[in-house]
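Here it is: the structure, laid out below.
Each chain gets a letter, A, B, C and D, in the order it is written, and its residues are counted from 1.
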């Protein structure tokens, strides 16, 4: 079992619904401070976006964040170097597109992630069918390969993805890119499908915009991922304080439903 | 023999090279005065243009004269009516396009011409092959049907045209529309071809712009037609005096070569 | 209807009272030479083979006959389209110019001249000239050269010289005048490649014959699609070459033949007999025989006359000539585009407009209709856009 | 060269190391469903017949192979052109969209979406959708919607909705991104009709198969013209669909296969392996794996990648990929126009430019060359005019 999964199972075991905010690396010059603020406010893990020029699973907010980050010169190396200066307990999970990894080299990338506290990676355009080299490299470096499950995934595929995913399973609440709508969509159905074949922690993402959504998701999922809502604030100029209070609001909402 | 031909043969018999200036009817409000001026200055006949919207054998000068005339409301009837007020000895020859005649009615037109001292008609787009009804109408009204002969006309055709033409034969000096170039072109060859099959008076036109041309043509032709050069003056504002002196210059040039 | 329609004209180039050869003497020899050369070529197998080769290998013939299924459902008819829009350069014009350019070459002429309105015939002529290595000059009303700048450039790309015509109304009619004036000066080495079934004999006949490949192909293709004789054959009419071409395949049968003119350029509807551009036909003219301007949104129909054979077919009742208004035309263009994925030329849309209007009226439900799709609308898209948006 | 080139890819959609299916989970089922539906359709005679019918009756296939005699003389070669410019909508794009639209219909989808750069593929897709009665949405970079206003209107006339894409560089690459994003939301009833031999498996294979009609026809037509095996087969390459289509008819033989990319968009020349738009192929990217903009005067070649099968053919040396510069391209467009009366698309002119450059160099005198004339230049005339006049 990956150390990410061990950690996240521990969170679930503690009766806590996991909160996973998303921060695009390099979106601002003090982005690592934003990560710290999120953790300080109660994040159980943080998704770290590594920007890609053509993020096909992302809506306008995260696209914009990626463009700003790229314009500022962000690279895989620069992110890893900056993460090295971070001091947070919560595990970090990279989110990027395969070309960034492919170009860097899968083994080098897994190695670099491991040395920068990135304990997992979500690569939405890398399905398990294409992932063998990457999975091998991750396995050697204790980097969890996290897969998404979509509302359209048929049962056999849910089983396959549930088996392949590590750390947690990412249940997409809807057929849409990030930041699209604002409700829980098909989340419950996707989560249940996963539950029926696996006991890995299941987190819901895509469409979680408000603490209310989070509270509702907490009824059936092990965690929630909050991406565009947070990045939208940051694009509008929010600093650490605002980020901290935003994340804290989600934390409180989740805690209000947790069964300790 | 048409009365036009009788008159023009008489001119030739007198040892005089015929001078035939062209005046577009209606080009100015005093156009009939221009005709009189031309006759006064020594014209042996005058070509009277009846304007047509699409004068394909005419160059820019006569096109422009036709447009002005049409814009002023000139019609076949108005021309005939105005000609009735004219008092000149020299025979008048209409020059127009077939649609004007066709639309008016061939018999009516020949009749109207005859009653307006128009004793001949040049219709460049009406070849003898298409002219039977018109020739009949003209015959009944003593209107001469004048045909053009071109440098491209082969011998058999020259003979045919020489036979069909009445009054005079119009020898086109060149393969061109009126007002195109300024020299005698193939005139001599065309005239000779006509001479070899007929003794009808042969006049040269198309390209006779200066008294020198006229003098040269007089060496082999029975007459010259001066169209665009004169109309060009009129378009530029020349009145009766200027027209008279212009025609007189041609007269003098012709007379200087005549063999009385 | 036992007459033989659409055979050769008489000796003098007449279709009944229409046609003939009303040209200046300077052009007479050229017309006679052309007549002889054409009569000779049309029975010459080598010529037929060269033309057939250029039509198929270069111009993309045969063009298909397309069953228009969605439009048919809309109109409760069985509509088929003869797809001249797919011929090289985008309309039927190429059929004629290839024939004439090959004939010019055969006659030893090394140059062609042509008139053009919006530029379709000019582009087609420049194309055929480039293909065969002939020099080419195109006369185009100055007004049109400005309206259709891109077609001017197209002709220039093809190596042609475009001469803006500044006489008269500076549009198509004047371009013909100017081409005739030019031809007078250069008949010896130049062929005048006229763009429709008009002009002096043998042009109306010859151009119809070159275009009749449309009707021959279509009759054969319809039979292959199970249609022995279409109830209706409809085409737009400017000078009338595409209509003549398609009618030629059906004139001997019982099909109803319909030519659709622009309401603002209806030589049959409002015209009267007259003589212009070398032919006796129906013309739009004033009470004094002065030719008037045709007016239509479609440049290709802006001709104040009609080919003499059409005047004859109208007089004899073998074909009927109707009109379509500008607004129906735009609507028809939209219907065909949306229903069938074919944006027709504005000219062609006149025929479509009549079809939309008459389906279920003078065309009985279930009738079989052959629509001659004379050209594609790409050339008209900017204009249609402006018209729809009310910008012009 | 005993390998069987241009057969089906392997189970995972790979041509050697290239291809595959790098898509978000939300699109995985759609890709699998499409794969299955396509495998089923390709062996179904009814499907084959419908496609064959639309290609011939609607799109005008077969397009001819034209011997380019004057160009051949100029170059001391025997050049033949496969005339995709004569296909409906003016390029080879229609072959692919008709196949995909019929497949979409067969899969019960009632809507298609597509990306487009300059608009050719968008117009083709809108056309096929209109013809079959499918709804259609086309994604087009905002920059391109402004550069190509008339193509936007054309698509609208055909009943399609055009969505300007404001993300990223607002051009073709971003239009693909946006189409994929849209597809995620509507896979159930919508087919993504991709415009070239790119994207996730089965697209590169399927699009090549739909385009292979070009090569099949051409091989047959050349034989009829007495050419057993052309020495050279040359095509321009954007995504690579027209090249793949023509190569497919000759890959098993000994012809030299040449793909010509724009010098400013040479995925083979300056690209490196990477993953984009669902495929592993050669891409133009920076040292960090960020995709770069392709730059060319020809919008249809402005794609920073190349179809995976081309990457494979290049890697195996079965085809070679070369480039042409903007100025040679303009000159080549002029030469073909003047010599043969065919104004090619700017994309196509890249292939012509290479031919002009290499005749007598790497192409021995007297060689037989098949040029894939992928499209007509009408769409480019305004741009070419501005370029020649130095206005842009």
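Here, a contact is a pair of C-beta atoms (placed from the backbone, for glycine too) under 8 Å apart; a residue touches a chain by one contact, two chains touch by 3 or more.
Since we're looking at a predicted model, the values are computed, not measured.
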Every chain in contact with both subunit A and subunit B is listed here as none
Inter-chain centre distance, subunit A versus subunit D - centres from mean C-alpha coordinates, in Å: 38
Which whole number of Å gives the spacing of the CA centres of subunit A and subunit C? 67
Residues of subunit C that touch two or more other chains: which are they? none
Touching at least two other chains at once: which residues of subunit B meet that condition? none
Hey, how would you classify the chain contact layout here, line, ring, star, complete or other? line
Please list, in label order, each pair of chains that touches. A-D, B-C, C-D
Please give the residue numbers of subunit A that touch subunit D in the complex, ascending. 52-57, 59-60, 63, 67, 70, 75-76, 97-104, 124-127, 129-130, 147-154, 157, 161, 172, 175-177, 180
Using the touch rule from the top, collect the residues of subunit D that touch subunit A in their complex. 12, 20-26, 28-30, 167-168, 173-174, 177, 180-181, 184-188, 272-278, 280, 283, 285, 288-291
Residue set of subunit C touching subunit D in the complex reads 56-58, 60, 63-67, 70, 83, 85-88, 90, 126-131, 133, 150, 153-154, 157-159, 333-334, 337-343, 378-379, 381-382, 384-385
